[in-house]
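In this document, chain identifiers A, B, C and D correspond to the written order of the chains, with residue numbering beginning at 1 in each.
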Amino acid sequence: MSLSRRNFIKGVIAGGAAASSAAYLFRGAGSLFGQTSAPGSVERLLSLTVNGQTRRVDVLKQETLAMTLRYKLGLTGTKIGCDRAECGACTVLIDDVPHYSCSVLTHTVRGRRIVTIEGLEGPGGVLHPVQQAVVDEQGFQCAFCLPGFVMAAVGALKTNPNPTREELAHAVSGNLCRCQDYDKILTSLLRGAEYMRRTT
Amino acid sequence: MAGTLVGRNYTPPDLVAKVTGRAKYAEDFRAEGMLFTKLLLSPMPHARVRDIDTSAALSLPGVRAILTAYDLPDLDGQERALTNEPRYAGEPILAVAAVDELTAADAVERIQVDLEPLPFVTNALDTLRPGGPNPRLDGNVWGPPPPPREGAPPAAPPFETLKWTTEDFAEEAQGRLPMGKPAEEWSYGDLEGGFAASALVLDETFVVQSTGHHPMETRSAMAYWRNGKLFIHASTQSVAQTRGNIARWVGIAPEDVILICEYTGGGFGSKGGGAVSMSIPALLARKANAPVMMRITREDESYIGRARTNMTGRVKIGFAKDGRITALDFFIVQDTGAYGPLGDHRSAGNAASLIYQPPAMRWRAVNVATNTPPRSQQRSPGPMQGNGIIEPVMTKAAKQLGLDQVAIRRINSPEGKAPFGPVLPSGRRNHVTSAFVKEALDRGAALFDWEERKARAGKRQGSKVRGVGVAVGPHGAGSIGYDSIMTIRPDGRLYVQSGAGNLGTHSMIDLARVAAEILDVPWEKVEVVWGDTGKHLPWTCLSVGSQTTHAMTRANHAGAMDARRKLQEIAARDLGGSPEDYTVGRERVYRRDAPSRGLTYVQAARRAIELGGRYDGHDLPGDINPMTRASATALAGLGLMGVAKDNYGRDGVTYSFVIGFAEVEVDIETGSVRVVDYLGIGDVGTVVNPRSLLAQIKGGSCLGIAHALFQKSVVEPRYGVSLTDRFHYSKPLTILDVPRQMQADALDLPDPETPVGARGVGEPPVGAAYGAVMSAIADAVGEDVFRRAPVTSDIILMSLEHGRRMHEPLRMHV
Amino acid sequence: MDILTWGRNPWDQPVLTHISWNLLWAALFAGLAFLVAHASYMIFSAHRKRHAAETDAMEIARADLPDRIVRHSLPARLFHWLMAAAMFTLLITAFLPVVGLRFPWVTWHWIAGLTLTGSILFHIIHATVWLDFWSIWVGPRDLPELRAELLRDLGHDVPGPRPGKYPLGNRLYHLAIVVVALVAVVTGLCMMVRIRTPFFTRNPYLFSDTTWGVTYVDHGLAGVTLVGLVIAHVYFAARPEKWWITKAMILGWITRRQYLEHHDPDRWAVRQLPTPNSATPNSTTPNSGLASPTL
Amino acid sequence: MAVIRDVMPAFELFQPTSVEAAQAVLDRYGAGAWVLAGGLDSLDWLKDRIRRPQAVVDLGAIAELKGIRERDGGLEIGAMTTLTEVVRHPGVRERYAILLEAAEAAASPQIRNQATIGGNVSQDARCWYYRAGWPCYRAGGNICYADTPDAINREHAILGADRCVAVNPSDTAPALIVLDAQMVIRTAGGGERVVSAEDYFVGPGIDITRMTVLEPGALLTAIRLPRTWAGAQFYFEKIRDRQVWDFALVSVASAMTTSGSTIERIRIAVNGVAARPLRLRAVEAVAEGRPRNEATAVVAANLAVEGAQPLGFNAYKVPLMRNLVKRAIRGVEAAAWTS
């Protein structure tokens, strides 16, 4: 390789001497490229209502909700499995409706209610009925897909609290599991529906 | 060994963290001043880096460091995380660390890499042609592994050049696998005599696809250095065994690696001993002097994330009238990708000799390298591919001989200490520890209402026709010789150190159930310590190949017996008599003849600390692994320590079996296949954790079903680039592609060669389902409709439409 | 303005894809600019033509010549108009979609291209076998004519060669069109391998990326050049003082007077008389076509 | 310059509340503008860094583009109505059930919750060569990678290919065509233009870089379902590999009215076989006035696939399309297994 190692190393040292900045995934305010707003475009600072709390966040225009949740709000329960709206690991509720948060621009959910897996527990750490059912039935294995499945199921149960096995399978069909005991996943979520009916 | 814990369902202690989102996987960790890295991937399948111009990238504000192959330690020609001679499209060439991902990505775009294209090959057969291109500068096939030498680590097989002749390829046009000079072979018995004595000989070629592992969690990792030690949050299947690999990849001592991986978002073999890419954030963090997060994208994962070896196999089988196999001749061309070598082809040969018990068999293989993404073992590596190649032939033979599909498998199935594989230098063949395949077939046929379903197979209703299929999935199911560490501490709790990965199979917790059972500690008082090499873990098997349950229940059995012995000794020392006079139970060690005389575990733990020496881990057995020794030393003095190596004997090699039963419905107007019902039934030894075990059977079955129906990987032949970089291209199974209810069961017959009786279960269901579903499709629409997988609607429809097989006969990666 | 457009192939290597379609506007502009410039010049020019009296004198002297002199044989005319139709179809199908008038153009384009190719092949054979092949070509021997014509254009009444059958401008134009059209045709035929036609299996990988890039760029350059050339050609055909030539391409003949006025009878000797009552000592090849190829 | 297919580059984001305001931004940024509906197609392009707009115009805040309204005895569906809203709407369920079926066959529940019907019909081709960012015809280059001797083109076109052999991926498109839906377009100049669903889509022969007639700056504002086919007999079927989150290999939609056993009127459309969803006019003409039976279906289905030109890996689409057209005419006999 004719890359000059000396220049290369010099360059790296020079790069390393640049000022440190915050450990965000995306540039913070006063960013390096100074993302300036064109007239009429959205304001970067916005209020997000997540799990019942309203928080002010500086969000880039191209930032997805999954990234905001994970890297700005510390809500890492929402997983990114594909980042392309294919696997469902990032599923959250927006106004009670399941969405792939990897494919929602954060600026489009201003003023809407967002619920993540961290927001399901009741006061005092009481598990949501669907969470409890998943624990009881040991619904998942590696569980990376679990938050997405649970959020999809919780969202579906809001419109159909008494689903058949078939209906619930369709409701969570936008979520992939690679350990793939879909049978047990479905059983546990169905149990969750039963628990929910019992608690309400 | 069933008891109050072993053989019963329980709620694993990690579940609440999982359902609340508090379980932290590698990418969930943050560190002060954390940088982000993005990879520059080779666009070419084989090239040489002539020059890299990073100046424009480095002048970008926020770019902190760039790591190239020059920064990586040499690994004796083995795969490294970055390369100057990319051998597959998508192989990382360099990594940029910057203050955020956007800057890192922008920087990657500003880098000029001058690549010189080199010859490449994506179809394994093409490199075997006379004058065919080689995938690497030094050859194209892996030779046979050198014979193992006492005390030395297994040497890598040689990499050689092998070309076949034009005559060898003569049969290619007929869709039959050319069989030129093999690189490896073995045989036993009278092959020709076997064929001569047979009533039916079938000679079939089958193309088994490659598929990406694609665990839901990609191989993301975050690393930082503190006081000269590397702290790395990564995703691995095997915590204990990954530490040494990371040390080697980074070029430091294993003691200087702290690996944290409490939760692993799946691996399926792709993260067996970690991932070589872990060295990128580690070395970048050192270079940039800041923590580095490497978030691996799904597309990255489809290149660097490992895949199953694809095999094109040809099998010639002779059958007697009653279906008994008289001779089996098996030839495999395995595509082992850009790196290697792998042994799937050997495992496939061994598995075939095991589940069909041919009296005469020949196995020949060529293990070919190509410029396609690197392979690793994937859930049932080898036997599963073998199932795909052979099971449809078994189904065809049954049909031609007028036999039942179950019957033909039953008559050939292994029993007891069944032999398998080649004749060893000792002059004998290996045998398994136990096999109850006939029982499993019988149980399964009954549970599945086989006869009833069989009766309606092949009958049409509207455009729909149904078929049933069965297959026997075998796989090696356990290793031996690992260590365990456990301590009974003065707080009255039993701490079991577990060096296995947490893949959610819960074998890494099940092993503690065995210890608790032996020591009779209530489950609430058991702490399993896992997921962090800073927490002093014992030398543990790789959590791959269905090993953990077998290997680690044995090790923990040994450790628990050691602790028990020490309890007895302490009691005898303090209360008189000989250790044999004492037994344990209800958290006490007490005299058998006077149960009131004894010590509580709390007392015993305190005494052990007072006594020191071997009782609290200051004096350790001589045969344990250095890692175990270091961990036990660090834990010494905390309580009564059980620490031991698994020295239990074993007569034979441990294998598990799962039988798959499938019913499918094929729409002959569209070629669509629906799996109507599925049953997996396991001959997997003693059931330790019933719910997890059935989950393994069903989950593994689903992977096999996906392989039968549509999961694939595709490589564009002209440019040698993977096309299946998205899920809707590679098509992993969804919840709507499986029966709404699946069945699974296990025989629960203990393996006689292991103290707990348990064998592994993760792998064998995959091949069982693969074979069973394809057999069922063959049963529904005809045995000759397909000779490749996945059996997609286009294949079925075209073949039915033309009345003959209508698909690419031999091409790979389509 | 970029003249070429580039893409990056799957190996991230730069590949030429097209000319920039801005060049189409450039060609149109150039064609129209020439047209305006020439028209203005013609209005104000002092082009030195043969005096009418001079022509009168010649006509009397050459009364042996027939009234009508064949300039273009029927096959030559058919060829010309077929090629013109093909050329127009090609340009329209190529460029209307570029300027935003969209329709399925590819099939028409290649059919027209094949028509053009066929007509050119016919023309080459026809011109070689039956016509005075060299009458249309330009060579060093044309330098005196060039000089004379230039001087006449500047208003000088000079002796020196007058055009033979084809004026020098005509011949230069022919040369240009030969080069450009052949480039377009040859590249176009290659490009047919990249699309679906009944003739062969589509194989976009027949050539290397670089070769294809050059092929596409050459085709594009030839295409836009043809736009300019065709504008110029149509313009000249439409100019009143050139009408006699255009008419000849339709009817096949010119009058004796036009013959004598515009041509040098020594350089374009009428070798056969179209009317039976005429005779000329130069008539040596009875029944052969009189006309040499023109555009 | 190396390629990286990750991390969306920066852009300006506009969230106008009226169509006029949206068009003003589109006008201001010209070729640098990008229209964002549900975002599921868009974000793919943006995350892959293949398309790099300066300004993204999110239509999500424009109320007039959302919702389903009664209109002239039919329905008017705002272009920004989500597929789930379409599926759940009682009017759709009662009168235009085929649209429900088609919308429900699209992608996955979460996508249907976010993806809009306007986006579904306007989405770009899913050819994996094109989507990989390769410089093909559709991307402005001069090659079709999917139609080369070795290309892997199982999902590609058998009809109407012109250089590009990609297919239209929309599930709702064939249903809208058979319902004779009218697409309401606000042109760049601000005028309203209504085209039939059939004419909304363009093939590569007409425009190789676009899937629809939408010119830059124009917006699809609504889809009108006329009364014409309300409550007709419908058939919809989508054949795909996976039963969820997969594009159609071939899909078929038909609407029909019968008198006795005779087909009075029929509309039939297929997708997944060409770069635009195809209305099968010749098939309709043959079927109308004939008895609804196997014989008619066979004649019509054979006619449907006339002129098909399969590629290396997609010849199966010919029998598949034929069989689906057959089913769309004669229906399908449900299997009734005893268990």
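As a working rule, a contact is a pair of C-beta atoms (placed from the backbone, for glycine too) under 8 Å apart; a residue touches a chain by one contact, two chains touch by 3 or more.
Since we're looking at a predicted model, the values are computed, not measured.
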**Message:** Show me the overlap between the contact partners of chain A and those of chain D.
**Reply:** B
**Message:** Can you check which chain pair, B-D or C-D, has more C-beta pairs in contact?
**Reply:** B-D
**Item:** Chain centre separation in whole Å, for chain C relative to chain A (CA means)
**Value:** 68
**Message:** Rounded to a whole Å, what is the gap between the Cα centroids of chain B and chain D?
**Reply:** 42
**Prompt:** How many Å are there between the centre of chain C and the centre of chain D, using C-alpha atoms for each centre?
**Reply:** 48
**Asked** How many angstrom between the C-alpha centroids of chain C and chain B?
**Response** 73
**Item:** Contacts with 2+ other chains: residues of chain C
**Value:** 9-10, 12, 205
**Item:** Residues of chain B touching at least two other chains
**Value:** 43, 101-102, 297, 716, 718, 721, 726-728, 733-736
**Request:** Give the residues of chain A that touch two or more other chains, as numbers and ranges in rising order.
**Result:** 33, 60, 83-84, 86, 170, 172-173
**Fill in**
Listing every touching pair of chains gives A-B, A-D, B-C, B-D, C-D
**Asked** Any idea which chain D residues touch chain A in the complex?
**Response** 6, 8-16, 25, 36, 39-40, 43-44, 46-47, 55-56, 58, 60, 84, 107-111, 113-114, 243-245
**Fill in**
In the complex, chain B touches chain C at residues 43-44, 115, 117, 716, 718-719, 721
**Item:** Residues of chain D that touch chain B when the two form their complex
**Value:** 1-7, 9-10, 49, 128-129, 132, 145, 148, 150-152, 154, 239, 241-247, 249, 313-317, 319-320, 323-324, 326-327, 332-338
**Contacting residues of chain A [partner chain D, same complex]** = 33, 35, 37-38, 40-42, 60-62, 64, 83-86, 88, 91, 97-100, 103-105, 107-108, 152, 156, 170-174
**Message:** Can you tell me which positions in chain A touch chain B when the two form their complex?
**Reply:** 1-3, 5, 7-8, 11-12, 14-16, 18, 20-27, 32-33, 60, 70, 74-84, 86-87, 89, 116-118, 120-121, 127, 131, 134-136, 138, 140-147, 150, 165-166, 169-170, 172-173, 175-186
